[in-house]
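What follows is a set of structures for review.
Heads up, the next two complexes both have chain A, just with different partners, chain B and then chain C.
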Partner chain A sequence: MYKGFYFIYIIAKNSVEQKKRVIFQMANHVIFLLFSLYLYKHVYELVPGLKDKLPFANAVWSMSAYFMVFWLGVRNIERRFREDIQSGNIEMYLLRPIGYVWQKVFVVLGQGLYSFISATILSVAVSYFVVGLPEINTTFWFWILGVLIILILSQVLTCIIFVLSGLTGFWLENSEPVHFLVSKLIMIFGGAWVPVAFFPKALQLFAQFSPFGGSMAVTFTMYPNFPQQFPLLLFNILFWIIVGLLLVRFVSSRAFAKLAVNG
Partner chain B sequence: MMSLPVIEVKNLKKVFKHKNGDFVAVDGVSFSIKQGETVALIGPNGAGKSTTIKMLTGILHPTSGEVKVLGLSPQKNRKEVVAQIGAVFGQRSSLLQNLPPRDTLSLFAVMYGLPKKEIKERISSLEKMLDIVSFSDQPIRTLSLGQRMRVEIACALIHNPKILFLDEPSIGLDIIAKQALREMLQYLRNKHNMTIFLTSHDVGDIEAICDRTIIVNHGRIVADEPTNELYKLIDKEKHVEVRGPSLEDVLVKIYKQ
Partner chain C sequence: MKKDILYFIAQTKYNIKNAHALRSSFWVGVWSMVLNNFSFFIMWMLFMKATGPINGWSAMDVFGMLGVAMTCFGFAHGFFYGIIDLPQFVMRGTFDSVLLAPVNSFLKLSGSSFSVTAYGDLLLGGVVCIIYGIYSHFDFYAWVLFIITLILGCVLFVAIRLLCALIVFFMHDGEVVVMQVFEIFLRPGLYPGSIFPDKLKIFCMTVIPTLITSAVPIDTAKFNSIKFMLVSLSVTIVWVLITAAVFRISVRRYESGNFLR
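Now for the complex of A and B:
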């Protein structure tokens, strides 16, 4: 545990040395957030019935939550795998006493840490000043606790999904098409394009209970019925985490035996 | 003191599968290395040197044959083996570009599970031993290739390994940096009785550091002799040569002046 935290700390320190990068990222974040907010407002005015499905404030917070985890950059795990496999640099990581997959997870978390913290503060501030708090059918502290639990577990699930997509690189050599497919499925079923509350009922169920929707479940924590959905969301994410871990174990042992790095 | 074999390789074979047919990189190689020996594995490009070192360090899985490092299989007991070996690959880097050497060294120390109390002491002794002190607070990206190589070696030595594997460690280094590297490896061999296994295209590295040389070609061992007896393999006639300092020695002196 300590090794993991120290690893993340050192990588975060290495990435924050480029302060200008983080500042530029956060400027992008605020611009995207405000632009999306403006578009959402326009769509809500055009289609008055939308607020019955999802109040405007909840839609804004849901979108903010999506942008918040976007900057943690867990999806970059696949790219790290791909770069290491193609360049042969993977061998340097295999010489260390910590497993390769863990190292890549620590690297990605360390690189995204400062951006994630900054984006979270900005998302909360912008959303609060624009629309106030979302309407959730529960107490404030239960909601916050629920958000934290779902946030952590859904990011664990996202890590697992992108580790699996990265591991396909050992067979495909270029896992970019797999990454494209997986990241787009996560975006669609995580409500990045259109809030899941606006989906047809069957698709809504699929979004909430598929691993792709599960990995972005933090966006569902901003919906008014989150307290009622919480046990099911939790069960769904835990289920996919267990299935994912078993798959990672099975696939990674075969992947590393297949590794070929020429001289 | 030389004693038990720390590396044992029997009939080692590695075949890479390609669309255009299989490529046999290592073809039935066998040798053993005792504790404290310094051995060079040399041969032309594509001879199978790097593939062999990668199988010894657990990176690649052999197609057939057996590898034992410190009595363990580097593939089946990867974590136990990497905890006892150090490795430096001249064409790759383990360093964090935006941070000073001290941060990378402390990350390696934590990864290898060194007790917190020992970490500072170990880093400072390596900094002195490898002459890193003067640039230990500078970001890696501002260092020269020779300085980076010293930090790479410090990372490989942080956990006090029993065997040091080096794959073309002097590649790209100027002659001063090469000489410093050789002196460093001689020191590790003489003072710490460290087993050193290296691949290199630089004959100077081999002459300066290695007691024994294994020559490979097309994946097979073609010679395995003490380094100072290698000439016997080709010399049909005895001749005496009187030479002044080599060009390399001359350049080292000029650069140092």
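Now for the complex of A and C:
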């Protein structure tokens, strides 16, 4: 556990030198956030009925939560796997004292950490100063605690999903199509550009209980009915984490058995 | 000039042939992008279902708009992918090979690299545009306006893509900045054109001309508006001229052996 945190810390420390990258990423983030906010404000004025589906403030917080998590860059795990498998560099990483899958997860988390922290501060600041706090039917501290728990667990689930996508590279010539499919399902059911509350009921249920919606469940914590949905969200994410971990264990053992090291 | 264009066509032809040699990989790349793009259709269809028609735009218009955006993206990345790789050329100092070739530098650069997945965008975008035109019962005049604005959109997309890539000549480690700046241009164009307030719409048609590559061809054909086409034409000319000027200045700034820095 300590080794893992230390690994992430070292990678994050190394990535500090790329200040320019983080600055421009954050500029992009704020511009896009303000842009979405302005557009949705206009949409809510044009279609007042949308307030019944999801209040404007909650829609803004939900989208800003999605883009905040986006900068952690967990989806890049699959690309890391793909590059190593296609280049043959995977052999090099197998010699290290930490498991290959863990190495890739730690590297991605470390590289995205500064962007994620910056995006979190900016998302919260922009959303708060523009629309105030979202309407949540519970106490502030319960909400914050709930958001933190769901944020951490949902990102664990996202890691597992993209590790599984990456592992398909051991069998496919190119695992990019799998990545496209998975990331787009997460984009739709995570409520990236369009909040899930605007979807028909059946799709909302699918989003909440599928692993794709579960991996971005932090957006659902911004909905007014979060206190009622919290146990279900938690159970859903924990369920998919357990299923995912079992699958990673099974698939990775098959994958590494298939690997031929040429030296 | 004719010689340069013929060279560019030959380069593109060989790029496609080359990629098609690995047939299964080629088609997997194309179809995966088609599948990938469907997600945008689904997302915005669900949005339009929740809101109903906005400012005269139905779900079908959003469908057409995404088709236009995909065609422009696919055109730029399918035939001019070399400009996307320009930052790498400059950072590694291999831009020399482009400058030393006895053909137009822009055309030589454009055809020097290739993206299979862009053909998925182009294929799907083209099909969607045709379906949209047929479904919307375009008359001959609307088809002409639509095609002209679509071509202008494609040209503008290439110009903006190149302009973003040119940042690398002015900034050390500019590679990381190029993508972020390009995304600022790209993203607004993926929102339905009808939800833009007037001022923002004008801004996104001129200063960040993303709507020219997505919503404007739809508005032009939908309202048979020559005014929209003229705006599109003027904006495209201005941005192409700016890009050409910046390209000349950038190339003069280039020094061999950048990799040593």
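We take it that the second predicted complex is superposed on the first by the 259 of 263 C-alpha atoms of A that agree within 3 Å, B and C clash if a C-alpha of one lies under 4 Å from a C-alpha of the other, contacts with A are read in each partner's own complex, and residues count from 1 in each chain.
Definition applied: contacts are C-beta pairs under 8 Å (C-beta built on N, C-alpha and C of every residue); 3 or more make two chains touch, one makes a residue touch a chain.
All figures in this text were calculated on a predicted structure; none of them were measured in a lab.
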Chain C versus chain B on the shared chain A, clash or fit after superposition: fit
First, second, both or neither for A:F250, with chain B first and chain C second: neither
Chain touching more of chain A, residue-wise (chain B, chain C): C
Computed vertex angle (chain A) for partners chain B and chain C, CA, steps of 10°: 90
Touching partner for A:F198 - first (chain B), second (chain C), both, neither: second
First (chain B), second (chain C), both or neither touched by A:L259: first
Partner chain(s) touched by A:Y38 [first = chain B, second = chain C, both, neither]: second
Chain B versus chain C as contact partner of A:F142, first or second or both or neither: neither
Chain B and chain C, minimum CA distance [Å, superposed model]: 10
Common ground on chain A, meaning residues reached by chain C in one complex and by chain B in the other: 18
Touching residues on chain A, where the partner in the complex is chain C: 18, 20-21, 24-25, 27-28, 31-32, 35, 38-39, 42-43, 46-47, 50, 53, 173-174, 176-177, 180-181, 184-185, 187-188, 192-194, 198-200, 203
Touching residues on chain A, where the partner in the complex is chain B: 2-3, 6-7, 10-11, 13-15, 17-18, 88-89, 91-92, 94-98, 256-257, 259-263
Chain B to chain A touching residues, read off their complex: 16-17, 25, 45-46, 49-51, 54, 57-61, 75, 78-79, 82-83, 87, 89, 92-94, 96-99, 103-104, 106-108, 110-113, 139
Chain C residues touching chain A - in the complex, by the definition given at the top: 24-25, 28-29, 31-33, 35-36, 38-39, 42-44, 46-47, 49-52, 54-55, 117, 171, 173, 176-177, 180-181, 183-184, 187-188, 190-191, 195-197, 200
